[in-house]
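Both of the next two complexes hold chain A, though its partner changes from chain B to chain C.
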Partner chain A sequence: MSGRGSDSRASSDGSTGANGRNVDPLNPIRPRGVVPTGRWTGMAALALVPVGLGVLLRHPPLVLVGALGVAFAAYARGDAAPDLDVTIERDLSDPTPDPGDEVTVTLRVRNDGDGVLPDLRLVDGVPAALATGAPARLGTALRPGRTATLTYRVTAVRGAHDWDPVHVLARNPSGSRERDARIDAGGTTTLRCTPELEASASLPLRGLTTVYSGRVPTDVGGAGIEFHSTREYRHGDPAKRVNWARYARTGELSTLAFREERAATVVVCIDAREGAYLAPDAESPNAVERSVEAASQAVPALLDSGDRVGVAAFAPGDCRLDPGVGDEHAARARKLLATHPALAPTPTDERFLPTTWVRRFRRWLPADAQVLFCTPLPDDYAATVARRLDAYGHAVTVISPDATADDTPGHRLAGVERANRVSRLRSAGIRVLDWGEEPLATELERAAARWSR
Partner chain B sequence: MTAAPSAANRFLRHSTVVSGVVAVILGAVAVGLIAETTLQRQFLMGALIGVSTFGLGGRLWHRWRGAVGLGLVVCGCLVVTAAAGNAVTQPPRIIHRLELLPGILGLWTLAAALVPIGFRWSRLLIAVGSGLLFVAVLTSGVVRGASTTALVVAAAATILAWDAAENAVSLGVQVGAHPETVTVRGELAHVMLSGGLAAGAVVAVLGVTHLGVDSLPFEALVALLVAGVVLLLASHR
Partner chain C sequence: MRASAALGVAAVAFGFVVVVQRGLAGLFDLTYVFVTGAGVLALVQGLRYANEARTAEHRATETGDPEDRYEVPVPGDADDELIARRGFSRASVKRRREFHRRLRRVAEETLRARGDYADGDVADAVDDGAWTDDPVAAWFLGTDVPAPRAARLRRLLGSDAEFRFGVARTVDALAAVRSGAGVEASGAEDEAGPDRPRTAAERVVATARRAGQRRIASARDAFAEVRR
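For the complex of A and B:
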């Protein structure tokens, strides 16, 4: 991976990194190209002070001090911004790590120009989701043909992360002007981190099912395991379901009916709006990360038990996976959960119209689909969506990662509001799993004992 | 619930060490050149020890927030205050008292600017500190204390001290001063280039003196310099 940044390109690449989050937080509206730093402003005027004093006192050494100041001012004024002709390469020690792995990033910058770059400052465009121990920044001086290296480590998290162009600042020797450019390090550097899908404890589903057999017990009598009812024998009933005991006792033929176990269609919907990126503190994973984790456990568990599973994101962008079964479908779900930009570990700033989304989602949702809605319930609208989908006949189960904290009155109030949303949903007949600190499997076991069919 | 922060751009935003130390040393050189008497030099030495203790303590306190750092800061402040007090009261000639005080205060302010305690005020403190050093140099010139050479070199050292300090802050803002962030090459290159220019300018200015400025009408010299400034301000690049 290598790329060249030259003078002409440095001023024309203004569109890169314009998606808000990658702009230098210190200088968000910093202009590109040659920027006067203004650090020597007033030097010439200041130089006149000793000159004036020298004239008043008729003392030549003071005038000479003034001459020195004028020399510095002239130096700063005559000093042109350096021509930036550098090649930047970026290498990752492992472009496809597992979550939590440390990846070493090596950034090499070579001065291809004829002149010395006396003050070169580099800020690498590290993806916002990747945490670095030390900042990915370098300040150096570079002679023609020489290469400087910046090495730093990032900790991999789920997702496909693209590096932004390197922010390069080259100052002239006096520091009076600097050239500000974004230079691509060759093609895009991408770190792909795809976690394995791990099935957790089986997920208790609600009664809405398809016509296919599966493991969700229904209220329909037929073939199955759990006793449902008996009825009169009809011609054609299988002999193994005839109630022979009753026939022996009374001589009448009757047929046993069992609860039919059918497969369900489940759409796992993840709330990944900007407002759902919440965490109780800076170190904890945010609610979207936890929602994706819940989905990553639910999807294989459901697929293993023969249910049809689809995935959707309640977020900007078109993140939907039609319900399906099979290994190939599981692989597709894994890829979508890991790398879809709508489920990225940091929010996008795309515009989002929730009402339109709900309308489109309903149109897309199969009529017999249940919805597993993963949301931290950050606002009333998330609860409204759950109730509306439930009212349309899609049995909704809410898995809600708790992102509230109780360190300040404001945080406590947010916690109370969320608790109210949970109890309102429960009183509306919607199952809510309030997912606190414990592992999801434990919480599911506990909830399964509580929930009736 | 709080919005999850991004850790990617976390960096230590304070002035870099090498340029900061160079700035304080250059400031000390400037004050040392205008100090004529042994007594003044002794007080300056004391002040320098105080300023170094203050700077070291500030850095320790910034990193570990321990009592040692805070103690060193307080000790440094006391030593500087004592040196400044002596510099004002002890020297027999009033002009010697006048030229040393702004120098010591300037050094102290410059060190305070580069100690990473209140980074927001760094640029202001650097301006004030270098301004005080410059006042000390000017005072020495006004009272006709130091020789022409010492005065010009002290002025150059003052400008270089400001340049290095400002560069330390500028690097601190753009690149940061995290222990693992490497900026030494760039800092040294900047100091050396500015130092080279200063040396050239000093040699040129002193060369002009040796050409016999005294025989030149004084007004002609001043007019030449003012014309130079006007030409400079009028030139657009």
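For the complex of A and C:
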């Protein structure tokens, strides 16, 4: 498959006139997409000034020089914009790379028209989240039937990245007019980069659990490892749980109860509102990227320990994965975290109503679910959401990637405000992991030690 | 414009007719005045076109920079823009006033979060500038704190310069308080204990001491400004 652009479809947003050409509604004479460059404006002066001077000075050679100007003016005016009839095809060396892989993009453009394209410029529509190592643009002249090739490399990052149409500019030989068009390229137009889910250090969870056995210690006595209490022996209690020491001392049978360890239902919620796309500098990954990274480590860690895990995005679009267990569920979670548009590396401009989202999220959230809220705490509302969910009985743990900088007063103030939000959440009894520059696993271990005290 | 265009079309048409019917050229007397007039007209028109070319806009389609990765903002970029903005328009003054109120809210919240003051004392601490060692920050957020000399000097340069100076110093002071350093109150409160009630005499002495410290810091600050 290949993408073609010609006069009739050169402009992606053109309205088609009666003759099949795209016509600018504001200027019905000029076909849409044709831009006069204004380079030859004033050529008439080159004709008229020598003529005028020649007449006034009675100097015939000057009048003849004026004829030269007339020739130039006629050339500029008579030179029409070239017809753009090209085929563009894009090819990726690996359409499904791993994060950090270099992918070579090859763009081939063929002139399918009958005329020469003396000045053809192409700028590829590189996805906003991808950075290129070399210019993704080509300037060339193209004879009919010939093909020119543009090659550049991009570094893959998480997500499904769609290329925008290629921006094509074709000028006539004099450069007096140019044709401007956006042409969809054929071939591969999407790069899918799906990172593997890598389990981090085990994630310390809060006490809210399901009835299934797992690894979260509860206040319920039963089978387990950590001593909880003793109670009267009941018929049928296993012999290994009988308190034989007490029996030897007093002759009374009693049963040891251990802290039951149960599984939890955890919903990993990622703050991916437009306001959460923040980074301390241009080189660092943005906070949503880091939140998704945290989720990508938390989900397998929780699944490995037998907990039921769901995923949701506090963002426009319906990005939710019901809590579940198993390999298939892990694969679904991996795909959602990697490629769901709501978690894209760049924000969407879709409208978002946070209060409506919270209401719907609460309805969807299982009653016994804990919430692991990944948010950079960019505003007070994120802290309010965490507190509200916690108040409704869903034990909330906040993982907050720090996206603040301290090089200017405004940046420092944002850092102070964020630190205040963290303090406010902690004083409300919500666990907050303030994730700085250290790897998440290190921060989790440190936090686990602090929370177990 | 239409009249001149019609005249031009008529003149060109007449010229073509003259090529065929040479006799029509005799309608005009090619005197010196006529030829000179035609020359002047051509020159004036030529100069007019030349002038148009000089001022004409040369257009070219912008292609953008798709090679650059999408850049997200740094938290606080909008505040930096507001702080750096110059001008005395009503909108600017209103925005600065709102920002000032926000700074004060953040200061109170920071002191509350730090637990340096009881909830009821936070507003008083900000009012009398006791929350910080920095006289500029104390004056900027306080209600009855005299402006230090450095701030008065900035005021001479304009209210926007004064605002920028005050904001920068206040934010620095807030960051210091947030990180637990430079809290004037921490020393004073440690002696008395944050919740221990003080006598009126102790309060007066503490206030006088703080005022003295602020004056010294202000003098030091002004001296540093002069040296700079």
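Here, the second predicted complex is superposed on the first by the 413 of 453 C-alpha atoms of A that agree within 3 Å, B and C clash if a C-alpha of one lies under 4 Å from a C-alpha of the other, contacts with A are read in each partner's own complex, and residues count from 1 in each chain.
Here, contacts are C-beta pairs under 8 Å (C-beta built on N, C-alpha and C of every residue); 3 or more make two chains touch, one makes a residue touch a chain.
If you're wondering where the values come from, they're calculated on a predicted model, not measured in any experiment.
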Touching partner for A:Ala403 - first (chain B), second (chain C), both, neither: both
Which of chain B and chain C A:Leu120 touches, first, second, both or neither: first
Touching partner for A:Leu130 - first (chain B), second (chain C), both, neither: both
Which of chain B and chain C A:Val416 touches, first, second, both or neither: second
Which of chain B and chain C A:Thr346 touches, first, second, both or neither: both
Which superposed partner A:Ala331 touches (first chain B, second chain C, both, neither): neither
Partner chain(s) touched by A:Ala448 [first = chain B, second = chain C, both, neither]: neither
Partner chain in contact with A:Ala245 - chain B first, chain C second, else both or neither: neither
First, second, both or neither for A:Val51, with chain B first and chain C second: both
Residues of chain A that lie at the interface with chain B and also at the interface with chain C: 37, 39, 44, 46-51, 53-55, 121, 123, 126, 128-132, 134-135, 137, 152, 169, 277-282, 286, 346, 376, 378, 403-405, 411, 414-415, 418
Complex contact set, residues of chain C against chain A: 35-36, 38-50, 52-54, 56-61, 63-64, 66-83, 103, 106, 109-110, 113, 167-168, 171-172, 174-175, 178
In the complex with chain A, residue positions of chain B that touch it: 1-12, 16, 134, 137-138, 141-142, 144, 147-148, 151-152, 155-156, 159, 163, 166-167, 170-171, 173-176, 178-183, 185-190, 193-194, 197-198, 201-202, 204-206, 208-209, 213-214, 218, 221-222, 225-226, 228-229, 232-233, 235, 237
Parts of chain A lying in touch with chain C, wherever the complex brings them together: 35-39, 41-56, 121, 123-126, 128-132, 134-137, 152, 164, 167, 169, 178, 180, 277-282, 286, 345-347, 376, 378, 403-406, 408-420, 423-424, 427
Partner chain B, residues of chain A touching it in the complex: 21, 25-26, 37, 39, 44, 46-51, 53-55, 57-75, 77-78, 80, 118-121, 123, 126-135, 137-141, 148, 150, 152, 169, 173-175, 277-282, 285-286, 346, 376, 378, 403-405, 411, 414-415, 418
